[in-house]
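Chain nomenclature is as follows: A, B, C, D and E, assigned in order of appearance, with residue numbering initiated at 1 for each chain independently.
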């Protein structure tokens, strides 16, 4: 009988590097690593040769130079005397704004459309199908451009709102008029909406370079407080239900909780709405929502919503009919069935692809360039890049920021996925 | 009969009394799917405590019949009265009937996102408005009855098929229904698991539950049923007490059917 | 023994000769999954032509043992020599051993995107480099042997479980292996189909194929096996010829195990 | 070196505007035409001997410097202003000025504005990545006025937005404004305001660090200018190259000495450059001059002898 | 007692009832209306709302469509035609623009006389792909093939004063060969795109036919090296040689050979087509060139990435994950920008390669990352048993992947792959940001820049959008068809 032999390491042959499972993967990895390093080294070497040849270097100090250009939508204070870094922040905030609002709106529309597509109403289901098919089979760029064209071509110019003495005398109507009790003006520059002003304003605090209005903080706080109370009432109702079996009617309490604190704070601050009024070339006062923003937002929203609708539909369809029937057979009403049985299951199916749609929307927001919306691509990757000639640095920085954004979103998704994974054998 | 899972328990027939009270009354009920006439002139009266087995070839309308009883399907003519409530399109009546009638499906249809206990307490809490504590106590009681109290905090996905079906039965029982409907409750199960479920059903029968059961487990039918109903082409072709039904079928169709399922 | 699928064929034991040549030799083999010691000091010598049945409770390491023999699992110490080739981490040896050893899985693992014939010719063509024509002729021969030549151009999804398992056996045979491994080949099958598969295996045995078979079909073991090996907790607890093993088990564990599987 | 690359490639990569009528724009067949394009042609003719061996790379105001810096193009002839930082920090070399310009504003006539000083609160369309963008910020700041910038990528887009009324005023180089306006369906409804708020010397540029290539481009431009000064035209260049009594012309056209060799070209380089699309004056007249729809006067861009700023150093 | 009761209930039906037709409320238009439009208050409201929206949209768009003008040379002419016919307030569409600029939308600035080249390339693609795409209709396909062949001849007649029958014959022969072979798809899926890419490249860009041939020869060289060396020196050496040999060939061998051959047959037409520059490409030709090439190459690349991501070799896995996450994390236009403007920084000074090629590479990488994720899903859905069975039969890793795993994983992933393809095709519009003339913005802007069509808005968008819709929608329908077909085949 053969004797017990330990690992056959003793007689190592070169061929084992390839044919021995123990060494094979190491060999391959070393080769891959070598190729990768060689490739990277080659690229870097070229880069530095080229840079040297052109008398350039890699440096990010330009971020601290004066930017010198103006940006039309600034959510954080910015003038042309600020640095390129700040301009970048302005762009980033604009990107985040459109991405966030886009995700919210697309989710709402997508869910509604997705549910309606399953409606037993033939007409509505067909209409929704048409919407979905048309929007997702045409490039998003087209939707952005079309929305923009609608906003700039179809809407009136500010001076069409002008009422001159002569017109009054002749009893003419102006070519365009404002909506909602003269508070909203949709023009081909943008939409002017009323602005909230506080007569008993509490001023600002400066957080580093960011001035923050205390009024806004207070309003935010009151909203958060309202939501907390809202949830507390809900939890309380659940407790009562658990104890007595009957769920108390709380909707009016919850509504009050949600809006009460906000109203109180607003009144205390002496808020009023400042309407935009026509003056000079343009409306003054109020808040201007740029058409480029509207176009980008609506275009992205409608496009992404079509995909989300499909995701929602698939998610609901993925829950077998048996689940509904079982719930009905237990005596649950359709509404309760939806809330307690179908939605919690559908959400698990829906959320992961939903998040990747959010990612897509965020990335697609870089098409802002097509409608001159000043997002990150417009400031850092556009004007700053151009005025400073730091194309490598700017592109690197931009990719990095987008990458970090996506990684944040997708790691959030992973956490969620792990939390809700169905338990199985 | 070659069924290796023949019912081995000793069955206590004495307790299975049938009262004179009527639990379900179906009169000249007809149903169509589009132009297809699935149920034709069904007449059936079920007394409280009766245990009825429905058999018949595939597509004969067995499932449709019992699904009409708790209005998972709508019938188009005739009358169905369950527990004194007539099933019309009145939503309140439907709700009442559904909470009186428990149903167990072929594929269990447990809610995979809820634990076993939550599966069992969901309907009592939201439909019967029972306090949670109480609902849980009831649920544990029925889970003990189906012999899986220790699984209460697991999820359906973690249980075997037989266990899942028993949970499904317990879930229905938690609503304290007066009538139970079973639609081929064992046909999706592995042979070993069928026995577990049948035992549970027999226990229920012993307690005098009114039951309608679509099944081809003839051992079960012989041991438990008061009546076997044979359906074909949407009609009730024959009904009789089990021994008679099996030993002395009257109609040609029934004979053919029995020869097939008993022969194989 | 309560098994209804008892082997009914008359078995031609005379042809089942065992040569002195050693087919598989396992010496002091150990395997761990992480920290879990699944196989402990396994010593086993199988002669060419021997038919060995491996039994044992679930989780005892039966599957792991036979999967080690064709290196679907790696062992961590000890030695496995198959057909004179020692299984080390050398890929060439592994490939050689795998093409000498056929394996039939519990869940068949046919390739659903290929027809039955393609399933059978794939490995001969790509591994043995047999011309297609020849491979197809061989495949048809073995398909005839397992009695389903008429299914050659169907897809696995169109066949019943028993047929699928027979295709799986034919697929292995097409590689003309010198040793066949079976891992519970009948446990995923409906009772009627088990017989078909067992008959095929018996036929193989009659032809003198070296076989290792994990199974609880004790009828098969008694009719065919030269030796029954009983495993528990990763060790070989007892081995003996079938009659002795069943009638006169030595170890307590074996007795317990036999009482369970024979009793139910 | 760039010269060798271009010769090896057999093609000149020339960065031009994505579309500015008169300066650089493709016609309906995709043939590029215009004042800046003529520079490309002259360089290609001088270097490669064939004015058609050019790959036109349309660049926006935003991508042009990146394209040049990365080597995507060999020369950028795209109404680009010569500024300090572009010359130094961005590491380019301007090879001369082919058009002396300044920034202006265009508005719709019925807006009722007659001076740029009245634009307080206006919405202004502006091409991003330009000097005009920075000038605009300065102008409004100095005059204590506010404005809404609408940053656009290309002239076409600016035009579209301006016509749609999305901005009150469109600002860029005055020459660009004129060219843009000329292409309008009804040019007379628009006026260019009188204020010129900056100096915009526009010229071709190359990467810094390749002096030979810069010299070639500089002297091709100078040759065009000098040709006009000396009366060398595309019509008579062939004849004059056989020899004249003007030694300057003789030297330039390769009849005397070998200036070409000093910049790595042959003797006939200037002759070919001039015959590509004529001398400076011919080019100007054919593309943007008063007889074209754009109708720009020579103004500052007249020869120094005519009171303008065009002044070619001597060919010696 | 129970016995008593059940006796009383014994029942046998003597006559079977015949099926009856359903009551009126159960059939006909009324039932349909009631069930589908007015089955409850909520549904009724929705129906009314829906009708309202439809009416509003039709009202908005229909007159405009009805007042279309198809024949005019400028927008002004269009407008006056509309005014003349439907009065001064009427608005109408001016499709005359499409008519006049049709070729620009389709071909960009591709020289008119060579339009037949892209058309031929596309036709060939269909001819060659048809057997793969529609395996079911092989008879009807023959007819379709005939139609296409007729089209090709027509094309030859209408464009080709000189078009040599030679090219056509060669090309048709190759296409025919592919068509016959095409049905054995896993195999041909690999080499078909390569050969086709060579032909299409030559047709589109022109130049010497020997350029693509020499490039393809590299692959043959690699294959030969493998074939010759594999039995002699073993797989590893052979694979290495198969990689190195083509590179050597491309680097050193091909150019002299091309030179030699082109000198031997200087610019004779079957062997030489007038070259067309990349900057003359535009419109849908550009979209298709980028889209189709991207599709053809992103699939194999996606497969490799997916395998890499599932590999148990840490380093390989890390590289693949890093690559995929990076590509998926940044917007495509930043990648395109990098490709078009920054790439030169990373290449040796003086290298120069085609902008369309670079864009294609970027688009391919981008889409490959998405496809890799889709395929990874498909791989994960395969039961472990399939891998084990392949192992147990003695198939090595690559054979198992190719014969067992990939065919199944790809089948599972079809919907995802096709939607990635659709995404890729739609993304070709983004090349406008690197100054290529995509049909959507590039050409549209060019058209609008011309004096005749200045001010035209909706028509080009609608036109281009409709074409994109057609292509993408048919792709998605096709994927459904394919899914069903495969489901049927293997069931």
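Just so it is clear, a contact is a pair of C-beta atoms (placed from the backbone, for glycine too) under 8 Å apart; a residue touches a chain by one contact, two chains touch by 3 or more.
What you see is a predicted model; the values in this text were computed from it and never measured.
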> What's the fewest number of moves from chain A to chain D, given that each move must go to a chain touching the current one?
Replying inline: 1
>> Going by average Cα coordinates, which chain is farthest removed from chain D?
In response: B
>> Based on mean C-alpha positions, which chain is nearest the centroid of every protein C-alpha shown?
In response: E
> Between A-C and D-E, which chain pair is linked by more C-beta pairs in contact?
Replying inline: D-E
> Taking mean CA positions as centres, which chain lies farthest from chain E?
Replying inline: B
> Between chain A and chain B, what is the separation of their C-alpha centroids in Å?
Replying inline: 51
>> Need the CA-centroid distance for the pair chain B / chain D, whole Å please.
In response: 89
>> With centres defined as the mean C-alpha position, give me the chain C-chain E separation in Å.
In response: 48
> Just how far, in Å, is the C-alpha centre of chain C from the one of chain B?
Replying inline: 43
> Tell me, which residues of chain A touch at least two other chains?
Replying inline: 50, 53, 153, 369, 391
> Listing for chain B: what residues touch at least two other chains?
Replying inline: none
> On chain D, where are the residues touching two or more other chains?
Replying inline: 66, 70-71, 157
>> Applying the document's contact rule, which stretches of chain A touch chain D when the two form their complex?
In response: 50, 53-56, 68-72, 80, 152-153, 157, 159, 188-189, 279-282, 284, 288, 291-292, 369, 372, 374, 378, 382-383, 385-389, 391
>> Considering only the defined contacts, which chain E positions touch chain B in the complex?
In response: 1-3, 5-7, 9-13, 16-17, 19-23, 25-27
> Which bits of chain C are touching chain A when the two form their complex?
Replying inline: 25, 27-28, 74, 77-79, 81, 88-92, 94
>> Could you list, by residue number, the parts of chain E that touch chain C in their complex?
In response: 383, 385-386, 388-389, 391-396, 399, 403-404, 407-408, 411, 489-491
>> Residue numbers of chain B touching chain A in their complex, please.
In response: 70, 72, 95, 98-99, 101-103, 105, 107, 109-113, 122-123, 125-135, 154-155, 157-159, 168, 171-172, 175
